[in-house]
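Think of it as A, B and C in the order they're written, each chain with its own count starting at 1.
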Amino acid sequence: MSLVLQGQVGRGEFSREIDAIVQQGEILAIVGANGSGKSTVLQTIAGIAALKSGRLSCDNEVWDEPITKIFTPAQDRHCGVVFQDLRLFPHLSLIANVAYGLRSTEMSKQEAHARAAEELTLVGLDELADRKPGQVSGGERQRAALARALVLRPPVLLLDEPFASVDVSSRKGLRDLLPSLVQGYQGSVVLVSHDPEDVQTLATNILTFG
Amino acid sequence: MIQDDLVPQHRKLVSSYTLVDRIFRRVITTGGLFSLVILGLIGAFLLYRGFEIFSDFGFSFITGEVWNIGDPMDTSTAVLGIGAMLMGSVITSVIAILIAVPCAIAVALFIEFYSPRKVRLILTAVLDLVAAIPSVIFGIWGYAVLLPIIEDWSVPLERWLDFIPIFSVPSGIFGRSPFLAGVLLALMVIPIVTSVAREVYSQAPRDLIDASYALGGTRWGAIRNVVIPFGRSGLVGGAMLGLGRALGETVAVYLTLNLVFDINFRILGSAGGNVASLIATKFGEATEYELKALMAAGLVLFLVTLLVNFMASIVVNRSGKII
Amino acid sequence: MTTILDSLEVPTPRRPWNKKRQTFVRSAILICISLVISWVLSSTTELGGVLGFYFGLAVCLPVVVLIESIRHGRNVAIDRVASSVILAIFGAVVIPWISIVTTVYQKGSKAFHSGYLTTDMRVTASGDPLEFGGVLHAIVGTLILVLIASIISVPLGITAAIYVVEIKGRFASTVRFFTQAMSGVPSIVAGLFIYSTICVFFGGFSAWAGALAYTILMLPTVARTSEEVLKLVPDELRAASYALGASQARTVFQVVLPTIATGLVTSAILGIARVAGETAPLILTASYFVATSRNVSEPIASLPIYIFSSLGLGDANATTRAWGGSLVLLIVVFILFSLARGLSARLSRK
């Protein structure tokens, strides 16, 4: 599993050149100031934003190449994304949130919920499975979002400021949790952060945005 | 095979939808187009039912002033024309709009620029509430409360303005006049026009208003030079929405206007017309042939209001972008 | 010890934009003067009655304000006169609205007796004494008409809104445009259309036909308000759903619609409030029936037609019944409306 991104990302003043390769098992950290276009890179990989020019490919599938008008829609890329603002669905319980992606793959409800429950246990949320996102703490929401992304076993995992909305005390716990979760899983990770500690403890490669 | 890794194969997938999504989009599209279908059906069926009338009377159905069934057994003796009613619809609606638009401007300005925030929120809600009062209630109120007042007022108005033809009443009978219907329609459309006007006035560029104040202008100066010019096209659209409503109103007009088949510009006299209330009045005891004429009248009303509403939505959709 | 600060006179800051007590006093005095003048006018001239008094006031107020403010210069005078004209017109518009509500309440409450809401008119003529009969049949009829109309028009209206907001198809702007135009179709034309199709083909008046006429009138309201509500759903939620591999259908049904469920209820209620008082289409379709009925293939009573038909009789008791029906209808519409307001307030707080 290797992800190759070469070209211009973003529109207008946020647009910038990027050239990055992430091999299987690597964790690429993108660091840089606010507004330097870090999140746009993730959105481009996830398929929510489009490349301006160049090419994005994963293994031997082209995901986005403006020149040939090829664009694989987000739902066919099977990326796992943890958004900066999490975007948990407010009307669904945590377990339903985690099972949401699995249910999109025509998995039966029982099986999806069983898998989701396992994943919630891994992140330590098994007791809160039936709560709504509005009824749990920020750190717990963050774990749920992580579980929702990981349960799909995505070839590419995208983390956008994964600990930004968490207070310092639970940040430590999450930072310890993340490597153990990622270790067992065969894929590439792209991590966006402005916290140097995140980057040092997690990343295998670092890309700095000015 | 290093080459293969470097040059990925193009995958043929140019944002196409899955089967589920294709079905979903097809179903929703069909449902979404339903309103178009209904509009088409309304026009088609009324034309189908009323076609005989158009072919019998031609253009004189629209201009004619007479509504006479003649011998119920013999349709060739009938003379049917909605000219007087069509003119009546226009007269009552024009009176309504002439009254409603200045009032709506004043009320919208009052809500947006003269009242404190709390009062503004309450008034906006009241506005929506009044817009929801059923027309039959406006009608019964107009008949019971407004009619005597307008009747009292018509007498001195006629005495002073007798020399202007539209205000003279040779018959001396006031009462259920186009003026009364027009005032009542004005009260009904004011909430509609006001909420459009308020909406566009609230979007008037704040920086220009502040600039006007900063240059020593008064509140009225800012309104006159910034707000009103900015809201002009939106207001025109709102007025046309109100016009469409007034043209198609049935029950309130039925209760407050004396239907007389005669083109009548004397707005204070107790005689007038309106296509919609013609249909409601004649429907009950209409002959087969007359029913067809009512369908034809309905088609004319439908097309006129559709035209007015089309123009209104074009103007409203464009408003706020001008300047 | 004298410092330089003591010798400087610190001016009190002036805040010309703050309303001073003086302003209120001045306005109050001016309004009182106008009240006196217009009272004199209305008692000496032909401008009789409350309305004449108000009309005099509306003319006097700007004149009095002009005379008072002319000494401050032209611009100030124009500003104050404009304010007084706007205030006068506002009053002229609001007074009839208040009059409608109070008149309906005063005259309508006379028709109320203990059984008014629980009996119908099957053994009572409209002119009979007011302690007999009631509006039960009309309330039940209106409920049935509105229920059928909602069952048809709410899904269709939401579908049209989904088409415009979610699918963004080739005809999206056309659909929006025609929905807007459809909201202007006169209600009597909708009735005429249903009469010329349903009533002619299936033989005569029926509750079905009335409900279908209501559907035509309800559909645009539901579609337009649902569209506004759908636009409130942040694109971020949709993107999150797609990124998890969900199809568009799943995204719409499992994410978009559930997050704005209250908004969709609001749009349905607004549609119901819009049609519940429509009279004209029912004259041509559902007609009227004096007893409580649940048979949808027969003519059925409704509140607007109850009012309308009682009014046509000219009898004093029948007219009072019409006012009673108006009061019930007004209350129904206002309740629906407050419900919609409350729900949409809850939605916007979320």
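What to note about this one:
Just so it is clear, a contact is a pair of C-beta atoms (placed from the backbone, for glycine too) under 8 Å apart; a residue touches a chain by one contact, two chains touch by 3 or more.
Keep in mind that what you see is a predicted model, and the values were worked out from it rather than measured.
In terms of the distance between Cα centroids, chain A is separated most widely from B. Put simply, the chain nearest the middle, going by average C-alpha positions, is C. Separation between the centroids of chain A and chain B, computed from CA atoms only, is 53 Å. With centres taken as mean Cα positions, chain C sits 48 Å from chain A. Taking the mean of the C-alpha atoms as each chain's centre, chain B and chain C sit 15 Å apart. With touch defined as above, residues shared between interfaces to two or more other chains in chain A number as follows: 73, 76.
Residue numbers of chain B whose C-beta contacts span two or more other chains: none are found. Across the assembly, chain C contributes residues 247, 250 that each touch 2 or more other chains. For chain A in complex with chain C, the residues that touch the partner chain are 43, 46-48, 73-76, 78-79, 81, 83, 85, 87, 89-92, 100-101, 103-105, 148, 152. Contact residues on chain B toward chain C in their complex (touch as defined above): 17-18, 20-21, 23-25, 28-29, 31-36, 38-39, 41-42, 45-46, 49, 102-103, 106-107, 109-110, 114, 125-126, 128-130, 132-138, 140-141, 143-146, 149, 152-153, 156, 187, 190, 217-221, 223-224, 241, 244-245, 247-251, 255, 276, 279-280, 283, 294-295, 298, 301-302, 305-306, 308-310, 312-313. Contact residues on chain C toward chain A in their complex (touch as defined above): 236-237, 239-247, 250, 254-255, 258-259, 261, 350. Those residues of chain C that touch chain B in the shared complex are 46, 48-49, 51, 75-76, 78-79, 82-83, 85-87, 89-90, 92-93, 96-97, 99-100, 103-104, 107, 155-156, 159-160, 162-164, 166-167, 169, 171, 174-175, 177-190, 192-193, 196-197, 216, 219-220, 223, 247-250, 252, 273-274, 276-280, 283-284, 304, 307-308, 311, 322-323, 326, 329-330, 333-334, 337, 341.
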